[in-house]
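What follows is a group of structures, each given as structure tokens.
Heads up, the next two complexes both have chain A, just with different partners, chain B and then chain C.
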Partner chain A sequence: MTETDFLSLTPLLIITIAPVVIMLIISIYRKYEIIFGFSLVSLLTAFVSLFIVQPLLPHRIDHLMVFDLYSLFFLGIIFFSAFLIMLLSHDYFKHLEGFREEYFIILFTATLGASLLAVANHFIIFFLGFELLSISLYILIAFQKKKDYPLEAGIKYLILASVSSAFLLFGMALIYTALGTMGFQGIADAISKMGVASPILVIGFGMMMVGIGFKLALAPFHMWTSDVYQGAPAPVSGYIATVSKGGVMAVFIRFFFDIKGFSNQDFFIVISAIAIFSMFVGNLLAIRQQNLKRLLGYSSIANMGYLIIILLIGNNDGARAAIFYMLSYFVTVIGAFGVISLLSTKNREAEKIEDFKGLFWKRPWIAIVLTLSLLSLAGIPLTAGFIAKFYVIFEGVKSGLMLLVFSMIINSVIGLYYYIRVIAVMFSTGEETTKLPSLSIIGNVALTMISISILILGVYPGWLIDMIMKLVAL
Partner chain B sequence: MNIFFYIAATVAITTTILAISRRNAIHALLNLILSLLSISVVLYLLDAQFIAALEVIIYAGAIMVLFIFVTMILNIGLENKQEKKWYNPRMWFVAAFFAGILFLDLILAVKNAQIQPVAAQVIHSKQVGISMFTTYLLAVEIAAVLLMAGIIGAFHLGSQEKKVMHRFLEKK
Partner chain C sequence: MILIDLIIVLLIGAILAWITGKWNSVLPRIISLAALVVDLFLIIPEVVGAATNQTKWLVDIDLSWIPAFGINLHLALDGLSLMMLLLTFFMGIVSVIISWKEINKRVGFFHFNLLMTLTGVVGVFLSLDLFLFYFFWELMLVPLYFMIGIWGHKNSTAVAYKFFLYTQAGGLLMLISILALYFIHGQTTGVYTFDYLQLIGTKMPASVAFLLMLGFLAAFLVKLPMIPLHTWLTEVYSEAPTAVLLSALLLKTGAYGLFRFVVPLFPFAARSFAPVGMVLGVIAILYGAKLAFAQTDLKRLIAYISVSHVGFILLGIFAFNEIAYQGVVMQMLTQGISTGALLIMAEQLSERLHTRDINQMGGLWEKVPIMGTIGLIFTMASLGLPGFGNFIAELLVLLGVFKTNVTAAVLASLGLVAAAIYSLRILQKVFYGRKSKNWEIHDLSIREKLVAGSMIIIIVGMGLFPKPVLNIAKPVVLKSLNTQNDSAFLKSQESKTKVMAENTCFLKPLNR
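Up next, the complex of A and B:
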């Protein structure tokens, strides 16, 4: 380990040290507000340190990790999403009985797992990051251990995620058997030298695809999504939809581009089938959904389908469109889950669509944020979702992936139906049924940040696209 | 050499199946220990003495014994009805069918592939230790964070509320 190694590790080191310090603070004086403030400051420091690290790039650490502009950009996305979710969790967990400060420790370890995936350049770091993320998520999902739904969701995620990790590990082992190396570069070199892929290698990649597909909730591996999204606390559902998927997506894009997966015909067919299947399954299952959390879960399946299509283009343009799409989806979906978590009270989760009846007349500000998020998910102009979808379809048409683009357009129309349905419920007038909790300053700040981001990405996305152009060159 | 491998492999497969299908938790755990021991024999035959020893010490020795003691102390070795229901063929047939396809696939792949033995030399614990503290030092550190997350989670999910009243005075 040299000095440069340590310096380039700074953002990850901050994320690693923060939970240890939180534990020490808890052992001295257990106070929710102090822990919350410290967590926010640490995440902000980690975010700022990304800019300090930037001049050292690109830097590799023993073939295990790679720090380049691409991984730094993903670290930025992960820290930003985690920051927003932390802001939204404040009100949600404030009233929880018993120990609740541990939530922030686990949130940090989960973020570390996702960040490791973003810098991974070797199967060992890939798998450790994957496991660190999974183990932290079991705990986050079942955090309210007194309630039934969170426990059920936690057990479900525990069993299914263990199976998917086993698949991933077995796939890695088979690839190692076939090629004798575990670094991404080594694998890429060995494959390009080999010519025809051996059957063991194909099965190995297939099994890895199962593990990755599970974490991204792509269609044949999507069974857990709706139950876990419903059972988990609302901020944690938002976390699963953004940070967890962002990390896995980062390592998937890097690995896929390193081994030039798109030039292999089998890989191409498998991924397009998964993409089309995900879009249709997600959207069709969401149509009749009466629970907003489950609805967002199903819509996340469809959105991940849109996202992996564009990787099949197989050049930097495709990766850039995918990353822009991901960023706008993350901001949007954090907005939706943020509204749910701010409207939830100690005993009741605001998750049924009828809970939102007449919300606009009671709480116009919250209703506007939710409307903005849903419109952005549906891809209406002036929001982030429109530009993202436009960008993806533009790149798809440019490289002639017509079948995929058409199924994406059909699905966008289906999606429009159920997003608009929720908006219509919010604007309908209804009798007062439930008492809404009051909004704290922290919640307000988070909602303002989210809605400004959605609008900026939708109205003036040029600077971000330029930035992605400059950063992402795989 | 070969005959030892086949004996150990057969024992491993049979005991693993038994570990899954026994409804008595203690029996299942004892079978699992046997399966781990026979896998360590297989590893030993492959000249991987270090990992074979680790398998015995950590899995069969520490973790499984802990499991058995906890199961015995908590007295949860009894069968339950829910589990019995899960054993009817309707529940596992489809999964077993797909797993069977995957298994056939693997057999074909192994048969058709020309695999050269990756490492013919014996790897000693010293080499493992050196690579753990040089090349893979970061991975070891990350594993430490992973264990920390696990411990905190176990503490949070397992911790009991402080009781104000004595448990005999509580209303049932």
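Up next, the complex of A and C:
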């Protein structure tokens, strides 16, 4: 490996070294605040290092990894989301009994997995990142082993995620059998030379799609979503909804753009079907939910449907719209899970919709953040979600994907229905005796950052769109 | 910059009202009143300009917003938007005053929502960028949703839902049309922009234009509301005491949208839709009147009166001539005020009597003579008696429609007869007739008299001196008609109607 290789790996190396250091610190002096502070600083350093390595781009490391503006941008999204989630976790885990410092170690390994996916250019790195992420997530979900739901959710996730990994791995193996290569470029070249796709290759791609579909929670591979979202600690659910999906999305976009999967007619139909199915399943199942975490779980299925369908455009414009959508969705959903985390106490999660009854009159600030998040999910002006939805419909109309546009519109209205329902509960008047925990400064900072991001993306998104246009060129 | 100031004043007022509402319940009221009065005074100097300047935009600002998509912060003021703004601020002030004592819960948040709704409405009336227009169009919904849901009567949450989903669905269909228009324009000219002035005259096949127009119609006709889509309106009126604002403004945004966007952007498609539009207008007038007659709930009754009046707007817009358009502009203003005044009266009655059932009222005149007088004046206004603005408006619309479609005009005139019946029924049931119960109620307070008095002055003023309004409206009316002036279609229409125009020469002074 050359010096440039090492230099361009800096962000990942920081994320790798940080958990090791944390382990050492824990073994010497176990103190929650120190670990928390160190983790924050490490993530920030990793984030800053992205700007430092930028001049070296684009750089490839032996066909395994690729560092270009695209992967750097995704690393930025992943680190930013992880940073916000870390801030929100502070209060949530602070009052937990037993060992809780280890949470940050696992958070780093999961983030490393997602980051590997963002830079992957070869099946081996793809799978490495995928597994690193999955295994870390098992632990994160079932971390509070004294409670029932987390354990149940952890086991569900473990079984289903292993099956999906198996699918992914088998799919990769079949593709290797058919083409004799595992690098993305090699596969792309081999496919373009081949002409008619062999059945083995088709099955291979199909199986990979199952694995990816599971991680992105696309229908019909969505069964785990709401259970896991409900069972996992709120910050971890937020993590699954954002960082984990962000990493998988990064590699999904890169891989299928490299192999020009979207120009394949059959693949186009399959993805359209999955996307439209996801939208309807997610939104329709969300309508009757009484649990906000489950509701967000179902709504994430629908949102992933919006996200992948826009990729069908198959050019940079589609990818840009998808990335803008993803970014705004991440900020928004972290806001929603953040509110749940901050309202949860040691003994119970604030997850029932009734828990939020009259919240606006008791805790206006925190209710505003949740309202902003929900309005953003529903795509109402002044919020990030409005511009994001507009961007996606914009690109959809531009490419004439009218089926996409109309199913998105129908689903927006359905989605509006259940988001508004939660808002209505928050604004309803009713005496509720539950004692709400007070907010710490860190929680407040995180909520402020989130609301400002939602508003800025909603009112003045021009700079970000320009940035995405500059950075994302596949 | 004055246009941006208008919006900023409202936004700052909204936030201040909310914040101060935590400590004091009077401050938010004062703040929102002050914000609206400041806006009113900011806009008044433009009225002078509007009377002299006949062609260009009075104020026009164009700033870059999201350059990647060709979206600009393009706000402009002309005669029509000027009058709409005056109406908006006036009705805003009225809403603040009438809710002064009535809204006691969560005053700060109420005024926040009120001012945010008005921000959206003002934005809609000023936007000349289609994206910006859509932005403001959607922006009004959430605060209104809260206003209906939180300060409504017991069933109001469900009503607020219905309102939200109806309008949102319509709005999204409009968004698709906006985007399609954007791309068609971009592909034919190479300029990708949401700018209204550039999008006018985009060339496209007639079938495409028709589809795109339907998208716009979906949004505007829901807001207007047109007959099959009107159910949210009646429910909102009966459940939400803040509905005055809705009647005056929300409906106007729909009519304004038809006027400003549908007709100029899709001149031919709109003309081919005209027969349907006119039929819908006539149905709204007659069916609305029939339903109004059948209601026993005072507020629902007024809601159907409003539906019936909106029929004239629809009818006038699809008549495509100057007289009808003058009438539409008048109708937008007068209907806002007269229906608004009736709703205020209904709310005052239902608040005093705790019922909206007109069968339980009766003989109230001797208890509340002043309220009765005011009720009498506004029912006379809304049934279109000469001397009130509504008369001028409806007369102009009917004259204009008569030029293009005699049958529609004749049928619509029947609506005036029906209006007399249902209006007199209100008076008969509420203020005259036998006393059904011995109600102990007090008459209007000074605050309420002030509001009613100023509304009377305006509606009578417009009835007796309609010329300033018509003068200000004239360049706008001509502009929106002239977008396809050179078309052979219009010429043939015009030669056909020339004979009739000569017969209506007594109206000439009005048009000048």
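Going forward, the second predicted complex is superposed on the first by the 474 of 474 C-alpha atoms of A that agree within 3 Å, B and C clash if a C-alpha of one lies under 4 Å from a C-alpha of the other, contacts with A are read in each partner's own complex, and residues count from 1 in each chain.
Please note the rule applied: a residue touches a chain if its C-beta (ideal position, glycine included) is under 8 Å from a C-beta of that chain, and two chains touch if they have at least 3 such contacts.
Remember, predicted model here, so these are calculated numbers, not experimental data.
Visitor: Quick one: classify A:V405 as touching chain B (first), chain C (second), both or neither.
Guide: After superposition on chain A, A:V405 lies in contact with chain C alone.
Visitor: Is A:P461 touching anything from chain B or chain C once the two structures are fitted on A? First, second, both or neither.
Guide: Touch status of A:P461: second partner only.
Visitor: In the superposed arrangement, does A:I187 touch chain B (first), chain C (second), both or neither?
Guide: Neither chain B nor chain C is touched by A:I187.
Visitor: Return first, second, both or neither, reflecting whether A:I77 touches chain B, chain C, both chains, or no partner chain.
Guide: In the superposition, A:I77 contacts neither chain B nor chain C.
Visitor: Give the label of whichever partner, chain B or chain C, reaches more residues of chain A.
Guide: B
Visitor: State whether A:L87 touches chain B only (first), chain C only (second), both chains, or neither.
Guide: It touches nothing on chain B or chain C.
Visitor: Can A:A217 be said to touch chain B (first), chain C (second), both, or neither?
Guide: Neither chain B nor chain C is touched by A:A217.
Visitor: Quick one: classify A:E102 as touching chain B (first), chain C (second), both or neither.
Guide: A:E102 contacts chain B only, not chain C.
Visitor: Just to be sure I read the superposition right, which of the two partners does A:V397 touch: chain B = first, chain C = second, or both, or neither?
Guide: After superposing on A, A:V397 lies in contact with chain C but is clear of chain B.
Visitor: Kindly classify A:M469 by the partners it touches after superposition: chain B alone (first), chain C alone (second), both, or neither?
Guide: The second partner, chain C, only.
Visitor: What is the shared patch of chain A, the residues that chain B and chain C both contact?
Guide: none
Visitor: For the complex, give me every residue of chain C touching chain A.
Guide: Listed in rising order, the residues are 64-69, 105-106, 131, 135-136, 138-139, 141-142, 145-146, 149-150, 157, 160-161, 164-165, 168-169, 172-173, 175-176, 179-180, 183.
Visitor: Give the list of chain A residues in touch with chain B in this complex.
Guide: Per the touch definition, chain A meets chain B at residues 1, 16, 19-20, 23, 61-62, 64-65, 97-99, 102, 105-106, 109-110, 112, 116, 124-125, 128-129, 131-132, 135-136, 138-139, 142-143, 145, 176-178, 180, 198-200, 202-203.
Visitor: Which of the residues in chain B end up touching chain A in this complex?
Guide: 105-106, 108-110, 112-115, 118, 135-139, 141-143, 145-146, 148-150, 152-153, 155-157, 159, 161
Visitor: Can you name the residues of chain A that touch chain C in the complex?
Guide: The contact residues of chain A facing chain C are 361, 375, 380-382, 386-387, 390, 393-394, 397-398, 405-406, 409, 412-413, 416-417, 420, 424, 427-429, 460-462, 465-466, 469.
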